[in-house]
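Letters are used for the chains, namely A, B and C, taken in the order the chains are written, and counting of residues starts over at 1 for each.
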Amino acid sequence: MKSPIKSDVLPGTVGEGLSARGVSRREFLAFCTSLTAMLALPPAMAGVMAEAISRARRQSVIWLSFQECTGCTESLTRSHAPTLENLIFDLISLDYHHTLQAASGEAAEHARIQSMKDNDGRYLLIVDGSIPMGNPGFSTIAGISNYDMLMETAKGAAAIVAVGTCAAYGGLPGASPNPTSAVSVGELIRDKPVINVPGCPPIPVVMTGVLAHFLTFGSIPELDAQGRPRSFYGETIHDRCYRRPFYDQGKFAQSFDDEAARHGWCLFKLGCKGPVTYNACATTKWNDGISFPIQSGHGCIGCSEPNFWDAGPLYSALSMPVSATSAMLEGAAAIGAAAGVAITWHNRKTKSAAKAAHETVTVQELIREDK
Amino acid sequence: MNPLDLLTFARGSAMNWALMIFLAGIVLRLFEIVGLGRKHDLSRARTVTTGSGWRTVFMRSWPAAGMIKRDPVTYLAGYVFHIGLLIVVFCYAPHIDFIRSMTGLNWRGLPSTLVDAMALVSIIALLVLLAHRLTNPVKRLLSGFGDYLAWGLTLLPLLTGYLAFHHQLFEYTLMLSLHLFSVELLLVLLPFTKLFHSFTVFLSRWYNGEMAARKGVVS
Amino acid sequence: MSANLSRGINAFKEVIDAPVASFFSSCVHCGLCAEACLFYTETGEAKYTPIHKLEPLRRIWQQEYTLTGKLAKLFGLSKSVTDEELAEWEPLVYDSCTMCGRCSMVCPVGNDITYMIRKLREGMAASGHAPPDLIAATTRAVNLGSPMGIKWLAVLAQIRHVEKDTGITVPVEQADVDYLVLMSSMEIINFPEYLAALSRIFKQAGVSWTLAQDAFEATNSGIQIGASDLAREIVSRIVVAADRLRVKCVISPECGHAFTALRWEGPNLMGRPFGFEVKHILEVLDELSAAGRLKTKGHDQRPLTYHDPCQIARRGGVVEQPRRLLNAVAEDFREMPDAGTMNWCCGGGGGVSANSRAEPLMLQAFRHKKGQIEATGVSTLVTACANCRIVMEESLEHYHMKVEVVGLTELLAQYLDEDKTP
């Protein structure tokens, strides 16, 4: 029989919610220990985090979905058992989310406005999907353009999290030719910190970790130059990949499902972008740590990097040119040949002219008269 | 601009232009040289000879008797550098892949750790060669801007590649971009500097061997 | 009309061909050519680096025949070749280079630097930047028939001496014979033993031969000074005589550059292949020996060594023949270090010995040959070029070395078994 969270659990707090859901103190501490490790914090912080989170009021969260595929939400909600990923829903009060909320229509928008009023300056704004700047009509909610809704909602937000590569960097809508002139949250919000949690979709536990950090410390975690939490995005897939020894030994799969691929050799030649992709896939993995793309035999596509869709064909290795064609090379050789013929013609002209200008040397003419 | 965008540019249009200029440059320079032609030699060539143009193309890589002792630095550092460079360029899997994408040719590479060691050894050899060029009176007399430029163009890809491989100096994606830019710079300037010897060495040795062979001498 | 800079630059433009362009494109400034050149190794002066001697030609090639060079010239970014520069280069090209060809053998990228020096001299001569002594020698060669001013009458006098010594008539102006024999001025004046030796050898071998009155001089000052127009004039005398006398073969004597002038440059200067063969005397003797027509008796007991004249061995392809011949008549034939196609120049070829200004440098360069001889421990040095012979005799004298220099043909004749008639 699991003992519930401590009896001095305060009402309206996260601890209360957890207790109500039957999450034991031991389980909760285990969750916090894992999170502490993933956030690269000292082990002692586990207890501090557990305490802070149980006392915390459930954090008000407004989730705005713009030009997105809902994949980020799908990722976050994917679970078969209570997991760290799900913990997020115990930590927060999700006041507005298109897919997950019960309300719809005017009632839903009213809930958003109300939450903004009630928690002014304290709510967390999470955004997924990119914002079209070409024509406000490309993407609207309740007749309000994405841009207007973002700017309005961002005003009273304590912090903003751009979930998924679309919100963080423009993502798929932003890929060439970017017909909607899609931009990222970070390009629009300049006066507040924006935490980018990229990935297509992002690893769910990253969300949990960011939130846990926020609740424990009241601040956002350390971000890298692309605005991503360093603890999750500080290393490349390549540097943590279990197939790295094969890369170093020069053992590569040449095609999908060939002999080498079945041996589990490196997928560099099949276009793996691991070396230039910063994410936690190789360590934290997906689906409760079951696997990640490379382990399943497909190279990393670099989905947590800005403009990864435009970074060359997915199946072209990093060492390959992105767009060079044989037509280009043939054309260049042809131009070189044409120039070569022209210059040869000119050279021969110079030489014939010199030959024609040759004055036969006689012994009298070996001496310089002006010497 | 973020590092991945820069890398995409380095792998994209920068690479395209570099490859095109490189190819056009090679073809142009070869025309420029061979197009001058040479007068047919009317003297009777010796019919019995062990020399030939092709023989010299290969055998000139073996130093002439007594020469190593006279200038061991140039020979030793020169060989180490060239062999190291060739291993790095042609025996490293990502490089082989690059060539494969351009030509369709493919072959097995060497383990990356070995290639890494060769890169370091080549860099050291280049440093030794620079020191020698700066201190040896003959080389000092012969050397000018072109020689030092060629040295830099050759060093940079090795150095940036080494640094990228070891995650030194700059973040990996940026370092990789710098490596590609240094290679592109080398490609663009190679046909128009003494680095073009990488192509004309075969032609020059062939002429040398052929002219000597018709006289019955193995050169 | 006088020599002037524009004629020189024009000549530079004329001589540049695909090999020259390839060579200049390949040079990586490694400096190894200096290590092969005795003028550098014996002086340590970097300016004697072979490829450095070619700088004026290189710049003309760059400015006239390369796209980047032409563009640079267009934008005023190139350095023109001037009289001052050519004057500065004159001693580099003529005093410190014998066109011996060692540099061409060691260049890692395969440059035939010697080939280019020969072409460079065309422009040097046409612009009036050849050494005065060489100009004088060439003038005598063209005007008088020989660089030392020797005329047929002097030759005739030597012939009489030789006939008296050998008792064999020297054929003159005989048509339809096997061989037209040429001599070098050096031999006519200093080594008449050569002609005597030939008389006896040819008599024993049953070979028909002749001298030509208007073409007895083998040497070619035009080759040394580097003026093809003059070289052509000089070599044409031989070709005309050989055609006139309908000989099968012309023999180039014990002289280095004479062989180069006739055998390799001759047809190209004349613009047509020869109707006769050209052989070096060593080749002829070796053939006769192989055919059993050269009978010798006895062996020279002196330890001796052989100096390979550059134009005959490395630039001519006659390497094994002298060795076969020497082994037939020498008991103790020792090879010097680097013998064969990598042997070191005597220091006086290619016009250097005719250039009095170059004498101190030539003597300094001889130190290498001195070392090679000393390494063998011999006191008898055999060679097959009269110029090498005189250069080495004088240099050995200068260094107080008791070494005798002997011509190979002459040595062979000493051991001729004249009792046997084949």
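The criterion applied here is as follows: a contact is a pair of C-beta atoms (placed from the backbone, for glycine too) under 8 Å apart; a residue touches a chain by one contact, two chains touch by 3 or more.
Remember, predicted model here, so these are calculated numbers, not experimental data.
A centroid comparison over C-alpha atoms places A as the chain most distant from chain C.
By count of C-beta pairs in contact, A-B exceeds the other of the chain pairs A-C and A-B.
Taking the mean of all protein Cα atoms as the centre, the chain whose own Cα mean lies nearest is B.
The centroid of the Cα atoms in chain B and the matching centroid in chain C are 38 Å apart.
Once the centre of each chain is set as its mean CA position, chain A and chain C turn out to be 77 Å apart. Taking each chain's centre as the mean of its C-alpha atoms, chain A lies 40 Å from chain B. For chain A, residues touching at least two other chains, in rising order: 339, 343, 347, 351.
Among the residues of chain C, those in touch with two or more other chains are 16, 65, 67.
Among the residues of chain B, those in touch with two or more other chains are 28-29, 32, 35-37. Those residues of chain A whose C-beta lies close enough to touch chain C in the complex are 339, 343, 347, 350-351, 354-355, 357-363, 365-371.
Partner chain A is touched in their complex by these residues of chain C: 1-4, 7, 10-11, 13-14, 16, 64-65, 67, 125-130, 135, 138-139, 142-143, 225, 227-230. Contact residues of chain C toward chain B in the complex are 16-23, 25-32, 34-36, 40-41, 44, 46-47, 49, 51-52, 65-68, 104-112, 115, 263-268, 270-274, 277, 313-319, 337-338, 341-342.
The touching residues of chain A, counted against chain B in their complex, run 225-226, 236, 239, 247-250, 252, 268-269, 275-276, 302, 305-308, 310-312, 316-324, 328-329, 331-333, 335-337, 339-341, 343-344, 347-348, 351. The residues of chain B lying in touch with chain C in their complex are 28-29, 32-39, 41-44, 46, 49, 56-57, 60-61, 63-67, 70-71, 74-75, 78, 133, 136-143, 147, 150, 192, 194, 196-197, 200-201, 203-209, 211-212, 215-219.
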